[in-house]
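Read through the structures below before going on.
Both complexes shown next keep chain A, but they swap its partner, so chain B is in the first and chain C is in the second.
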Partner chain A sequence: MLKSRRNEMLVAAVLVAPFVFIYGWMFVYPTLQMVQLSFTNAPLIGPGKWIGLDNYKRLFGDRVFGTAVWNTTYFVLLTVIPGTAVALGIALMVSRLNGWFQSLILSAFFLPFVLPITVVYLIWDWLLNLQFGIAQYIIGPIMGKPMNVWRTIPWFMPGVAIITIWWTNGFSILLFLAGLRNIPKELYEAAALDGATRWQVFTRITWPLIWPVTVLCLTIQLILQLKIFDQVYLFSLGGRTAATMVMVQYIFEQAFQKNSGGYAATVAVALFVIVIAFSVFQYQVLRIRGAR
Partner chain B sequence: MPHVELKNVTKRYGNVEVINGLSLAVEEGSFTALLGPSGCGKSTLLRMIAGLEEITQGQCFIAGTEVTDVPPAQRGAAMVFQNYALYPHLTVRQNIAFSLSIAGASREVQNKRVGEVARMLRLDELLDRRPAQLSGGQRQRVAIGRALVREPKVFLFDEPLSNLDAMLRVQMRLELAKLHQSLKTTMIYVTHDQVEAMTLADRIVVLDKGIISQVGTPLELYNKPANKFVAAFIGSPAMNFFKAEIAGRDGEAYSLNLPGGRTAKIVSRGGTVPAAASVDVGVRPEHLKLGPAGAANSHFDGKVSIVEQLGNSTLLYVDTPAGQLIVEGEGNLKIAVGDTVGLSLDPAASHLFGTDEKVI
Partner chain C sequence: MIRNFMRAALLSTALLGAAGGALAQETVVWWDFLGGGDGIRMKKLIEDFNAEHSGKIEIQATTLDWGVPFYTKVQTSAAVGEGPDVMTYHASRLPLGVSQGSIAEITPDDWAAMGLSKDTFAEATWDAVNVDGKVYAVPFDTHPIVLYYNKDKLDAAGLIGADGLPAGLDGIDNFKAAMKKLQDGGTKWGISQVTADGSFAFRTIYSYLCQQDGSIGIDGAWLADDNQDKLAKAVQVIADWVKEGYNPSYTDYPSTVALFTSGESAFMINGVWEVPTMADLQAQGKLFNWGAIELPVMFNHPCTYEDSHAFAIPANAGKTPTPEKHAAVLEVIKWMSDHSLFWATAGHIPANKAVTETAEYKAMQPQASYAKLTANGVFDPKSKNAGVASPLFDAAGNAFTAAINNEVDAPTAVAEMKAALDGLQ
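Showing the complex of A and B:
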């Protein structure tokens, strides 16, 4: 008995070992290294001197870091809930279509998602170009003159947010459509017989039944958007990057452009804490909503 | 005046015609079953009455009011779906109260009505559960409760028992019969199960490929089928059919030349058919009498190929010159496979069908 139990444990250990090894080697060890690095003045490559909490003291007085935290938070607020809401709206509309027409419209909404960010950047850079961008025909009359969206600070984050929603929405739409298709047709018929209006059907049947999909979409979006980097980096090229800085971009700048690996690690630790805090907070909120 | 009436109703999906100029009147307080094989249009018909399917052509009346273009909720009809269609995220109480809550009824009214319905259907203990925590029979009762709470003029049932196991089906059948007796509301019930239709309904509408084949009480359909389709569809085991040739006429009865060379007289139901015409003879297994082989009064001799002993009766599959005939005998019949027997037709309980499949 004891012997076979020991055998079992051995087999279990052997089976689990590859995962534990890779997880430890590729995730836990670098994370610990990063934390350790954040207490040094190391450059990008090579060791540094232990400087205690100096990096953290610097972090709290760092104006650009403050801007990066604010911009990232602002971007998350502009994209996560609005993007999910737009995706739900589009999915509800697409789900009313049938056959090949539905597939066509769905592909149209999904198409941007397959584009690499560089292509997305070029498309929108052309569209919004100050001299020949066709979007200026709309912006011009409204604002009185053509506007350089990427050089007007209050417009920058909302602009990137809209493009990000346009770019990544296809995936959420697809998730919502799958959720909507899982709702049996008979439930809508029963609701029609019970006298529910379209709005009542949505609030009392559709919305509660796709709540789990909504939670999934919000969580994926939150984690994705907290790590925003490429769009902001590309659209701010040549501009005043300090004003439009986001957190991952700041880590990149500190590590690869200013060669201060220690301080970059400190910013990364801060981002790590923020992502965990946000995720736990959102999870709790959604759990409460779901349990109701 | 009929309580539910369909006038010349047609349903088309694109070019496919599912129901073709059908007219039907259902009396107030009756329990009417729409019976037919799958794909005959019976569910479509029910859904058109409910307002869930658009009527391509024709009119629908409920309680004297035309409802052809009236939204489902305003027709005064409640429906119980085959797969229950309970709202999975709501408790039993909320499911039953849904229509009241949608209409803005106060909490007191909702609780009172739900309480009444729950008592009637013995759901009191289950009110705070969700559909996933209920058994099939309990879910079915909740679905009925949801219909009851609306106090509809007409109940529509779309194969409500087909997802239940055999035991539960019999039990729910009884409950539905009791419910109809106590409520006396008009009920229209779609089923492909003739036993359900025969036991529950006071009137059965047999549908075949979108047209009404016959309307009548269960016994009318059983004893006087209007055509071969109804004759074959109603009754289990099914009616035996074989070909025979008309030899002559004697008042209401026709004499027939049977396969195998003997003759028989069968009473017609008033139809006429020319001499020497070929007809289909239909006879139910219990209307074939067993006797010794070669007896003077027997119509066929045959060899028993299968014996099924059911306890209260015995089914024999007998190979005769007219093909294999099923015979129902007493429970304690002492006949073995390979025995030769004589079979005689009951002339008053046999049916003649012409080439158009209509009864003669």
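Showing the complex of A and C:
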């Protein structure tokens, strides 16, 4: 009995060893290296001198870093919950359709998700072009004159958020649709027999049963949007980047453009801590909601 | 029998190998960042080179993304010994590469082998490839910004002089008066200068700073003395154009070109690399008569921003090129320099003075009319924080984008820029 348990332990150890090795080598080790780098003044290439907590002191006085943290948080607020809500709404509507028409509408909503970000950027940059963009025929009359959306600081984050929702929504819609199809038809039939209203059906049947999918969508979106980079980088190129900075972009700028690997690592450590804090917070909130 | 056969096979393989070695052609791995109209012309030059050196040297070229991605890639790949054999490099970005030890020096022996020297190039261009007393690249061209003009519209407004070139544009007020005349004649915009991208507008503003004998300075002494005031005055020139309705606000690069080529603006300030765009459109009969000249003098004396595309040899860590490979690389650089007349069709001014002095070049228009400005050229400050796609450009993007569109007044923007530069490590 004892011997076989030892054997089992050995087999288990052998089986997980490749994973532990690769995980330790490819993920844990570089992460530790990054933390170590954050205490040095290393450039992009090669080692640097140990400077203790100087990078962290600089971080707290860094105005652009503060802007980056705020913009990232703002972006998460603008995209995660609104994006998921929009996806749920569209999925509910699409699920009422049938046959090839449903497939057609679904693929129309899914199409943007297939595009690479560079194409998304070019499409929207053309649409919103100040001199020639077709969207200026709408913006012009409302604002009194054509506006450059990407150079009007208060418009920047909401603009990027709308495009991001447009771009990534297809995936969430797909998840919701799969969730909706898993709800047994009998429940709806029973509700109909009992004379439940549409709103009651949604709040008492659909919403509770779709909740696990909602949690999944929110989690995926949160992780994705905290790492926002491409869209913001592309739309702010050459402009007032210090005002529209987000965290990953700041890491990129410090490491690759300003050649300070040590400080970039410090910003990365800060992002790491913030992501953990967000995740724990979200896990707790969703757990409370799920337990009810 | 079988053993004999094997022996024969081995012997013939060995012979083939030896023969192959004797005839081996050197492969030169080449990286560049030339993606536009000039990239097409560079591909033609590379094809010609390969055809002429068939069996001896072959260039294997890859075009990468311009700017930060390119310089990040060449630095990191050189650090691990995976860089190319030769690469294009902006002279203004050499200080960064040198500070990281990712570029090899072009030694006096190399220069002798190529038959090129200091006297081959204009003074400012030669100076730009020198860092701390050593030479790190071979200049291929100089590419300043120029003033493009719509000749038909200028003619109608009486702004073309007896020599067939624009006249009366010097001075802030004169230039505005000229734009006013053009706009009164029905042109929508006097000028299209990029206003959505302050780091692009840096080129114009830096020229106006130099026209006042000002300078950006270097690390540790950015914008010292009265340079802050001079820079603010330079910024104000464009801010006033925008405020007074001569130049559209918040307009991006492609739009400025479109405004000019569609005749909606009479002038455009842009790099010489847009010459192929105009030449190609005109060849298709889709463009008015046009020209390009040195930037008009707004302040004390002529001065224009320029940079140089140069060839640099990466210092690949742990990988010294064989003498044969090195000789092949030098041959490539030398051949390109000798054949840079064709490169001039891309708008760039060949760095090799022997090429710009040929009759063929002098007959080339508008290239020949702006080529003289290399005598008044100014390069970026020599710092690892300056040059194309550098922290300095970034600081300019932040400060100037707001200032030239009159969202922040020029002195405040310049003060913020100085603070950003002083904060660089």
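What we mean here is this: the second predicted complex is superposed on the first by the 282 of 292 C-alpha atoms of A that agree within 3 Å, B and C clash if a C-alpha of one lies under 4 Å from a C-alpha of the other, contacts with A are read in each partner's own complex, and residues count from 1 in each chain.
Here is the rule we go by: a contact is a pair of C-beta atoms (placed from the backbone, for glycine too) under 8 Å apart; a residue touches a chain by one contact, two chains touch by 3 or more.
Everything numeric in this text was worked out from a predicted model, so none of it was measured.
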Joint occupancy of chain A by chain B and chain C, clash or fit: fit
Contacts of A:43 with chain B and chain C, given as first, second, both or neither: second
Chain B versus chain C as contact partner of A:205, first or second or both or neither: first
Partner chain(s) touched by A:187 [first = chain B, second = chain C, both, neither]: first
Chain B or chain C, by number of chain A residues touched: C
Which of chain B and chain C A:60 touches, first, second, both or neither: neither
Degrees between the directions from chain A toward chain B and toward chain C, using C-alpha centres, nearest 10: 140
Contacts of A:137 with chain B and chain C, given as first, second, both or neither: neither
Partner chain(s) touched by A:195 [first = chain B, second = chain C, both, neither]: first
Contacts of A:19 with chain B and chain C, given as first, second, both or neither: neither
Partner chain in contact with A:242 - chain B first, chain C second, else both or neither: second
Chain B versus chain C - smallest C-alpha distance in the overlay, whole Å: 53
Footprint overlap on chain A, where chain B in one structure and chain C in the other make contact: none
Residues of chain A touching chain B in the complex: 184, 186-187, 189-197, 200, 204-205, 208-209
Chain C partner contacts - residues on chain A that touch it in the complex: 41, 43-46, 129-132, 148, 150-151, 237-243, 253, 256-260, 263
Chain C - residues contacting chain A, complex: 68, 72, 75-76, 79, 96, 100, 102, 196-200, 248-252, 255, 258-259, 384-385, 389-391, 394, 397-398, 401-402, 405, 420, 424-425
Touching residues on chain B, where the partner in the complex is chain A: 50-52, 71-74, 77-79, 81, 83, 85-89, 98-99, 102-103, 146, 150
